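One chain, chain A, appears in both complexes that follow, with chain B as partner in the first and chain C in the second.
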Partner chain A sequence: MLRFVIRRLGALAATLLISSFLIFAAMYAAPGTPESFLVQGRTVSPEVLASIRAQYGLDDPFLLRYWNWLSGVLTGDLGESLTTRQDVASLLLSRIPTTLWLTLYAAVIIVVFGVLAGAIAGLRGGAFDTAVLLGSSVGFAIPTFFAAVLLMSMFSVTLGWFPVFGAGAGFADRMAHLTLPAVALALPAAAVVARITRTAVVEERGAEHVSVALARGVPWRVVARRHIVRNAMLPVTTIVGVNIAALVAGAAVVEHAFTLDGIGAMLINSVQQKDFAVVQAIALVLVAVFGVVNLVIDVLYAVIDPRVQFGGESA
Partner chain B sequence: MNVLELDDVRLDLPSKRGDRALLRGVSLSLAPGEALGLVGESGSGKSMTLRTVLRTEPPGARVTGRVLLDGADVRGLDAAALRRVRANDVTMISQNPRAALNPVLRVSQFLVEGLCDARGESRDAATRRARDLLARVGIADVDRCMGSYPHQLSGGMLQRVVIAAAVASSPRLLLADEPTTALDVTTQSEVMAILDGQRREHGMAMLFVTHDLELASAVCDRIAVLYAGEIVEIATPAQLHAAPRHPYTRLLLDSRPSITARASELPVIPGRPIAAYEVEGGCAFAARCPWAAPRCERDEPALVHHAGRATRCLRSDELADELAGETPGETSGETSGETTGEPVRDRETEATT
Partner chain C sequence: MSAETLARPAARRRGGDLAERLGPLGIAAAVVIALITLAALCAPLITSHDPAVGSVIERYQSPGAEHLLGTDQSGRDLLARLLYGARTSLLGAAVVVLLAGGGATLLALVAAWFGRHVDAFLGRVLDLLFAFPNLLLAILAVAVFRTGLAQVTIALAIAYVPYSARVLRSVALRERRLAYVQAAELQGLSGAVVSLRHILPNIAPQILTGAAINFGYAMIDLAALSFLGLGVQPPTADWGLMVSQGKDSLLQGHPQQSMYAGVCIVVAVAAFSVIGERLGGRKAGGRA
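So, the complex of A and B:
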């Protein structure tokens, strides 16, 4: 298993290297230049422009600029923001907690409500099942930004239950501030997870080992837990993992809508300002998070399904 | 009192084109410790008969008639009482052991849950018993087997595990649904021997479903032959082999390939087996029966009990001698020719040149 993890971490490093190049190239090829954003439409003499370009190394060849940036990253120096002149690493560190809490909160909502609703729907059937099916269709169909606006107008403006914006300080206040954003963020993924869980549970219910267990006199609640839901978790784990990994990227929209100061909102601003160093750093973080979450899921999968072997180590 | 008594059990399964009858009135009884074989072609209703006992028939199926277990009707039990019967009195062995075990649970968990969760025994006692049972069904390395997952064991090993689980509660009745069909031939006889040994040791009655008349004859006290959802003949293996009283039984016996004589062509029963819901009055077997008379198409035969055996045939008395002897259409000359092997060899040389 250790070999499997090490090999996967190696693959993740390779993925990061390739994506760093793609991200760098995409920013390079995108229209607009950083210096035109810096001067913000003012008429500036060509000499000043040239000095700015020289200062940031914007006239260097593409590959040299990429190499300069990459070697900085490898030594822990993520560069300096073009717009704020701050160190990117410390800028990121100050923004990460909000995003981390937001995505964790959303992940908990996905797991608890998505899996629970799906499992109960699959086991019970009837009206609850129909409600979950309908609800998941609606949840999946509503775009995140629209859900954000809807939740804000209902629970913050009309009912006044939750604060409208900001991230809050301290645990309780933070949770209160993050509830609506987390719900908005989790909604589509929870809908998908609920539906997949329901299907998996219904399918597992029809398995022969389930009817055999019942025919042996094993009580229904034990069969439901040990034979139906547990086995149904195999496909569900994969879906939950992919959806949680994607949350970090989806956080951008929600943070923007709720004016939270996370890295998602920061990413949107930086892209608009062509702030190379910040965009690249955030993009790398997103790729790394996606890779690590998937690795965790793969390891978890092998733990819950004894039939899974770690990548060809033994037959 | 009989362990099991089925009284006019009918089973209808609703389908898009109306209800389909799968069982058309099955009646049988099983004394304590007795082994009864249920034999018939696919779709004759043998598995369905078995499933009505533990009420594991497909959802939506409508069952009428009485299924008496030690005199109490199983069909009328509430959920809790049914669960107690399943945990204590009747156990079932199914065809494919690989599908019967949860693939992500260890063998120990499978065995223990039948004693612990189903019967409320302590986990420690259940584990000790499980180990003991595995040793009794001939598993050499009990520790390794207990810790294994189903995919790590062979089909034969798994069926032993299932047998161990089935006898664990010392049930009064064992339902075996083709327990060796999914196994290879050498394992089949081993598993069958273990099953038979355990049954005798625990003094259990057994309802044994199989399509293998030979196998049923070897292990059963009596055999019931099913056709199209009803019993056409019940007799001891010796009676059946010496003198079948129903044409269908006769043809079943004939369609077994013989080891001593090399047949030019395996004899088959003409026509195709019909399903219970296709029967439209008269004898269900009439369409395929070489001895069918006009009245067989018209009158429905009843199961007539006579001298310890029962037959459902209008002509069983007049055909008695004929059924006990040669098959119609097969002259003795042909048969002797086949035993010498001459015609067969001719055909083979033709085929190779």
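So, the complex of A and C:
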């Protein structure tokens, strides 16, 4: 177990190192020089330009600049924003709570509603099953940004139940502000999870061990809980994990739609302003979070399913 | 070894078999896609309005004889924008699917043919691509190059390659070990010939299924990038851009533009996912 985790952590560290190089190299290769963004079209004397280049270390060789950046990143120094001159690390820290709450909220919705609806549909059948099947087919096809616009139109503009913009302050206010964004973010994923859960439960319901348990006289409630749902959770765990990991990037769209001040929205703004210092920092953070979430899923999967061996090559 | 075991597996019957696999819902989905494609191709025949030109005097008009679906915030005809928007939306997704499918097939065939070190190396490269969420890769591509449909299309195609390549590799590897492939190899046929003439036709069903499923995802992702202002640029008509531009109008009580465009995306994506699901004989939400 421990060896498995350590090996996966090592692989993640290697991936992050190569990713950081790719991200830095991509920004380096981008057309246009950083100092032209710094002076923003003003005409400056060559001396000033030279001092700016010296200040940001722009004349250093590529590998030296990468090394300086990387060693900075490892000590928590993400550099300075090219447009606002602010410290990127503190900028990021101020934006992270919104994104964190948004994705956690969405993850809870995906797990609770997706799994619950799918399990009940699979166990009960009937009208609820049909409703879940239909709902998941449509929900899956609704892009998050359209869901955002729809929810905004219905609940904020027409009904006035929820605030339209902003992230709110304090727990209750924050939850009220984040409800619609979280629902929009969770909707397509919850639909997929509900569909997969339903299929898994239906398949498990027809399995021989379930018939045997029922024939032995084990009460339906116990069979449903211990024999059907527990076994059905294995494929569901994977799908839930994949979808939660995808929220990391998907949050950018929802934050943009609801003008929330999360790191996703910050990424979009920085891309538009060509603020590469911020872009590469956020990209690295997102890749790291994505990797950690995926790692946690793999470990969790192995914990849930005792048949998965930690020692062997992960299939 | 008898001739029977050496014979290539019978090519899957097309036509009637395909209709059977699609089922009534699948055929309905295929009809919907055909209609959308036709509408996009015949856009100038259906409407005489220019999707990019409007008059401010005619802004926010209700549906009427002149503007069948009304007008947007700049007085542009919404029907015309929807029809021409279908062109950008379908074309972008089609290019993503073609590039990603082609790249994934090539990687899968190469990995399956050479195996060992080549296979392991390609696997590592794919792992690295897997480390980037799709949308992030496309956003980074915009940061490095500039905003535009071509940039995000290529970036998304690259982002889609690992998923398809992984599935196709395992199928191609299975095919690689079959007797007919080994027999062809023993006859001295080159790797390229065996891969393209013998393995490729036999993994074609999986390629098609993956393409149908990816088409829906590509439409959503491209529309999302346009919505973020990173993909298709105004005044070009695009469904994702229309949802985005309609947001301000919606807050002022004119939801039409966002709604029409959004519904178009939902219908098209749902149709493609139904077809992918039927072709693959799998449940929705799977990713090839």
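We take it that the second predicted complex is superposed on the first by the 275 of 315 C-alpha atoms of A that agree within 3 Å, B and C clash if a C-alpha of one lies under 4 Å from a C-alpha of the other, contacts with A are read in each partner's own complex, and residues count from 1 in each chain.
Note that a contact is a pair of C-beta atoms (placed from the backbone, for glycine too) under 8 Å apart; a residue touches a chain by one contact, two chains touch by 3 or more.
None of the values given here were measured: they were computed from a predicted structure.
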Query - Combined model on chain A where chain B meets chain C, clash or fit - result: fit
Query raised in the report: After lining up the shared chain so the two structures overlap, which partner does A:231 touch, if you call chain B first and chain C second: first, second, both or neither?
Result: first
Report task. Determine, under the contact definition given at the top, whether A:18 touches first (chain B), second (chain C), both, or neither. Result -> second
Requested in this report: Applying the touch criterion given at the start, work out whether A:63 contacts chain B, chain C, both or neither, answering first, second, both or neither.
Outcome: neither
Query - Contacts of A:54 with chain B and chain C, given as first, second, both or neither - result: neither
**Report entry** If touched residues of chain A are counted for chain B and for chain C, the larger one
**Finding:** C
Report summary line: Apex chain A angle, CA centroids, chain B to chain C, rounded to a multiple of 10 degrees, is 80
Query raised in the report: With the two structures laid over each other on chain A, which partner does A:30 touch: chain B (first), chain C (second), both, or neither?
Result: second
Query raised in the report: What is the contact status of A:146 with respect to chain B (first) and chain C (second): first, second, both, or neither?
Result: second
Query raised in the report: Does chain B (first) or chain C (second) touch A:286, or do both, or does neither?
Result: second
Query raised in the report: In the superposed arrangement, does A:276 touch chain B (first), chain C (second), both or neither?
Result: second
Report summary line: Superposition result for chain B with chain C: lowest C-alpha separation, Å, rounded to 16
Query raised in the report: How about chain A: which of its residues touch chain B in the complex?
Result: 207-209, 211-219, 222, 226-227, 230-231, 234, 304-307
Query raised in the report: Once bound in the complex, which stretches of chain B touch chain A?
Result: 54, 56, 83-88, 91-92, 94, 96, 99-106, 113-114, 117-119, 149, 151, 165
Report task. Could you pull out which chain A residues touch chain C in their complex? Result -> 15-16, 18-19, 22-23, 26-27, 29-31, 136-138, 140-146, 149-150, 152-153, 157, 164, 191-193, 195-196, 199, 239, 245-246, 248-250, 252-253, 256-257, 267-268, 270-272, 274, 276, 279, 283, 286-287, 290-291
**Report entry** Touching residues on chain C, where the partner in the complex is chain A
**Finding:** 127-128, 131-136, 139-140, 142-145, 147, 216, 220, 223-224, 227-230, 240, 243-244, 246-247, 250-251, 253, 255, 258-259, 262, 265-267, 269-270, 273-274, 283-285
